[in-house]
Amino acid sequence: MNTFGQVYRLTSFGESHGAAIGGVIDGVPAGIRIDMDEVQSQLDRRRPGQSAIVTSRNEADRVRLLSGVFEGLTTGAPIGFVIENSNQHSNDYEPLRHMFRPSHADFTYQTKYGLRDHRGGGRSSARETATRVVAGAIARQALEAMGMSICAYTSQVGEIIVDKDYNSLDLSQTESNVVRCPDTAAAADMERLIREIKSQGDTVGGVVSCVIKGVPVGLGEPVFGKLQARLADAMLSINAAKGFDYGMGFAGAAMRGSQAVDIFVSENGHIATETNHSGGIQGGISNGGDIYFRVAFKPVATLLQELQTVDDSGCPAKLKVKGRHDPCVVPRAVPIVEAMAAMVLFDAVLLNRCARF
Amino acid sequence: MNTFGQVYRLTSFGESHGAAIGGVIDGVPAGIRIDMDEVQSQLDRRRPGQSAIVTSRNEADRVRLLSGVFEGLTTGAPIGFVIENSNQHSNDYEPLRHMFRPSHADFTYQTKYGLRDHRGGGRSSARETATRVVAGAIARQALEAMGMSICAYTSQVGEIIVDKDYNSLDLSQTESNVVRCPDTAAAADMERLIREIKSQGDTVGGVVSCVIKGVPVGLGEPVFGKLQARLADAMLSINAAKGFDYGMGFAGAAMRGSQAVDIFVSENGHIATETNHSGGIQGGISNGGDIYFRVAFKPVATLLQELQTVDDSGCPAKLKVKGRHDPCVVPRAVPIVEAMAAMVLFDAVLLNRCARF
Amino acid sequence: MNTFGQVYRLTSFGESHGAAIGGVIDGVPAGIRIDMDEVQSQLDRRRPGQSAIVTSRNEADRVRLLSGVFEGLTTGAPIGFVIENSNQHSNDYEPLRHMFRPSHADFTYQTKYGLRDHRGGGRSSARETATRVVAGAIARQALEAMGMSICAYTSQVGEIIVDKDYNSLDLSQTESNVVRCPDTAAAADMERLIREIKSQGDTVGGVVSCVIKGVPVGLGEPVFGKLQARLADAMLSINAAKGFDYGMGFAGAAMRGSQAVDIFVSENGHIATETNHSGGIQGGISNGGDIYFRVAFKPVATLLQELQTVDDSGCPAKLKVKGRHDPCVVPRAVPIVEAMAAMVLFDAVLLNRCARF
Amino acid sequence: MNTFGQVYRLTSFGESHGAAIGGVIDGVPAGIRIDMDEVQSQLDRRRPGQSAIVTSRNEADRVRLLSGVFEGLTTGAPIGFVIENSNQHSNDYEPLRHMFRPSHADFTYQTKYGLRDHRGGGRSSARETATRVVAGAIARQALEAMGMSICAYTSQVGEIIVDKDYNSLDLSQTESNVVRCPDTAAAADMERLIREIKSQGDTVGGVVSCVIKGVPVGLGEPVFGKLQARLADAMLSINAAKGFDYGMGFAGAAMRGSQAVDIFVSENGHIATETNHSGGIQGGISNGGDIYFRVAFKPVATLLQELQTVDDSGCPAKLKVKGRHDPCVVPRAVPIVEAMAAMVLFDAVLLNRCARF
């Protein structure tokens, strides 16, 4: 299905080499002031061609809102939008019509649907994530008006890991470099690594970390629909994502309860926790602390090397892709992670309005 | 919300110290033969009091189906079921009425809802997961009839890690020990560690790994509702779960594309992959290989030690829990992970029937 | 599917001759005070055996809540409930195992599912509506606390029609007679007609009208999910219902716009309409006026006469039903119509909380 | 909400005077051959300006598909589409900015959302129904490929009623006249009446009847989601619809069970009913007979006469609308009723694939 969310919901459409991509954002409350420049600037953070370490495709990714905003304010009606496709080199893909690229969706789509649009991956292209950035940017404006902020950043590229607590990083530095890593020394190493890997026609994986501040207590549902489950669902729906954890995460598996417990303290009637191994969520519900989580991304399989594969009649074939691709998807994944987080959070804000009579 | 799934859906209810827990399973196709002994045996794998390393609460957890099965076959009507609560020591919890246990849901529930059932954690109790085991056991019988099998096992407890590929383990040994670890040497170490930690009144975290074999190609949706996203949503909805990854997972962040690519091979027209870094899922859709994933669990915060906390008026308080709790939730989480996986897979099987005209 | 509602949702289960019927009510906000006697009294209005003109089956229909209410208040957790089945004469139905009763669901269920529980209609029995009355009674208590009231009544039985505006009726008289018609003269005629038809082993149809007062402006969604569409969906889901209209309804087809327009007037800043052809809904959204609508019910086909039919191998057969059935379902449909209306309205109240930022 | 359907789902957007209207159709199975000329011809049946008895607005209503169709076949990916707005006289509506038109949605939208797009009714405009015609036209092509046909027609305009069974009408004549009534004598009377009413600046109501042939047994769900309930929901979501009934409908209220029962007969193993008071649906599920139902439409309140009303500060005001409107919406409602029926039926076809294991 192509809808995400319970109340604040994006339904997206579009293939990389079709006429356009776009979507409908439903469940938008009336009265949110929309800054379209800000929406566009989020799209620009995701767009190809933005730096030397990302794909050289050069799509403008201009979004056009078609409904739901009147005189600068949301009206409560659904927001339809389109982003026209352009700079398509569809002919680049003709050799792939009957070919299954390894570790791509060609084989699974063909088998599931009996046919597929092979051009640029069709619906499986990460181009679809641009629609998420639009819906996320609008949710984000609502959240920011409520005092929340969402900051994701690159915390690992290959073997280069930023092994610091987010509290010791200056997150305002994230956009100061093309890798989107607030630790500028690590950023330089990461950039060097990505360039090197690109020159080899290879790719590399990484991790995006995300911190959400200013979250009110009470977001999320107790059983199914726990806030962490919605975030996990959101993040694992991003192309190339392989894992999600929050708070102490996988590291918690090696810990003792006595190390991991977050003691409550009270200051002027305001209850908070001394530590935050919980990652801001307890029992599926935000506790007012910072929410933080990580998303692991694989090295994508679009290699500029000859690969062995099979075609759609099951015959062995050789494949050499000519397209323009990202050596590391992580820098461009940063705004997508933020967008999905914004959608999850704003949806939870709206659902939470029904918690009490 | 308390419903999980799109077509095959569990809606659950119940608190640990209420009259009963239970649920309704909807979307069950007619004609599945139900073996109630097998359903009960899955519940027995989850039940408290089953061994010396789990909580000594002694609940029989007998499930009673109330509808939807006629003369041994599902009818297409919803399956209602209840599990009566018993062996409740509700008075144990009276001192907690106004107290917020650290790293529990007391504070977030109270703030979200303005009131709460404080007895045994109420709705936030892991007792609720028994309803998942029932719904999972029924889904599993359908999947097994289709040739699929789901095997989860304990792969880490604290610092003891089973660092072997699942292919080199004899998964039939999982139930041979109380820890549910197929590596019997590691299992012995894990059991020793859990006993030691229990004697300290402390708790420890761990990891459950899960392997699903015999999966047909085509399960899962391309964009939202990717099979891995549904699994992540399912797993992160389990109490104490802190992380999820699949295939190469977080380890993929350090890899190169050239290492991680899964080359397609064809044998007698059957297309498969040489390696399985993809974890059996490509583009959100099962590719016919084994699905494998991991779920990290935290060390739960129910310590038999005095803890500092605050009460519901924000005053500092001391807390010493007397209840009976698990020093390590991982062994009992194994059947829950399997149950959630079964629900996700069977739901995907049903959804997939609408993929082609 | 067996779930009704978007936020306030009933998921029901149960067959007439299974162990029990029941359901889960999800999306119940915390803090509603529940009067269980009032819930039970709504069930008593629906129960068989309540008067000489309804079926003589004698089921107590005692509801037992299993969760979601703590110390008299809803907690925000789902409310599970069961109503045990009793007074079953399942053997009465053995001759129907292979028989398709005319104008019943036997043939369609058998063909859709490949098997069926033939006892008492199984899932198709109107017994299932008892679960709606429970969910409706709880919604109603919330609505009444907000100042709303819901009054349904019998406005037609066979050719006897109450051809008066509801404003000229004393709706407090509805429960004064077994037919549930506030026009006591018409009620006497209706009762006489039903007795006569019963003595003939025949049945008769009728109409239930419903008036909802005290509705705030703003309930309902503009396009899909219009308030009238949700009401129509709800009402046509009741067994034996054949039609729905609201406001001027079918009569509006013969009217001119100049006759049917509802002029706005303002009194002390309060805007209302002079007339109410709109039935309290404009553009899918409540306008603050009384909501009124009608539901048509067919004469059910459970005749105490020998009928020609076919069996499940397609052979002609004769059928004479011995069960105990209603000569006219309308009097017992009155509380069901109210229950479904209450669920729709309360769901709309909750959804409406997300209309504005 | 702006989504209709469970599996085959339209999510629509757009206001009458915004940039464009459109939508996303999700859940479309792969492999349906799409005839775009046929889709456009359905839109042409709905479009304004098509004859002398409908509004003189002259919108081309050209639909542009943006995704989901590749080389003439659906791919399983969502179909995004837009219809650009044109021929807008937005300035006509400036006087209405602060005015509440009687029996329109102005007052309810303003109160619900706190603001509104007043131009041409904004989201409440029937222009939105064009998106339903697109989604319905695609569903219809799938249904026709399965052997189903959907024919709606005008059966009443004002006091002129086609009081004949649909079996005695030649439904192929429906498009032979501008009223869309297959009884050509009645059609002439209806056309005369509409012209007369138009000349008076007034409007008139009517009824659309609909017949669906070739329906397989088994469509629809037993309890909630009964096929008639989905149809009622669909039809009452159409602007100006005031009522729905099916089979014997409201007339059934006056009937006896012995008159209304549909006796089963069997011919060469094929089971059918002698009569069809059930309207092709029993127990919420199609029985293989013709489905037929009626939808009542009110006379719309856009009169070319001066009307008394109030403005948004509650002050009395006089209103004279200058826009171009339909004296009778029924002729243009015919393709909309068919479109909604097609969406409901195709959705039921897909859901029914999960009925059996």
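Note that the chains are named A, B, C and D in the order they appear, and that numbering of residues resets to 1 at the start of each chain.
Please note the rule applied: contacts are C-beta pairs under 8 Å (C-beta built on N, C-alpha and C of every residue); 3 or more make two chains touch, one makes a residue touch a chain.
Remember, predicted model here, so these are calculated numbers, not experimental data.
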Comparison of A-D and B-D (more C-beta pairs in contact)
A-D
Superposition of chain B upon chain C: rotation angle, C-alpha, nearest 5 degrees:
180
Which chain has its C-alpha centre farthest away from the C-alpha centre of chain D?
B
For chain A versus chain D, what separation do you get between their C-alpha means, in angstrom?
39
Note: chain D sits from chain C at a C-alpha centroid distance in Å of 26
Can you work out the whole-Å distance between the CA centroids of chain B and chain D?
46
What are the residue numbers in chain B that touch two or more other chains?
1-3, 12, 27, 30-31, 76-77, 109, 112-114, 123, 222, 355-356
Within the complex, which stretch of chain A touches chain B?
1-4, 6, 12, 100, 102-105, 107-109, 111-114, 123-124, 128, 156, 158-159, 197, 202-207, 217-218, 221-226, 228-237, 241-250, 252-266, 269-271, 273, 277-279, 282-287, 296-303, 305, 307-310, 314-316, 352, 355-356
Under the definition above, what is the set of chain B residues touching chain D in their complex?
7, 27, 29-32, 74, 76-77, 142, 145, 222, 350, 353-357
Using the touch definition up top, name the residues of chain A that touch chain D in the complex.
1-3, 9, 11-15, 18-24, 26-27, 30-31, 64-68, 70, 73, 75-80, 82, 109, 112-117, 122-123
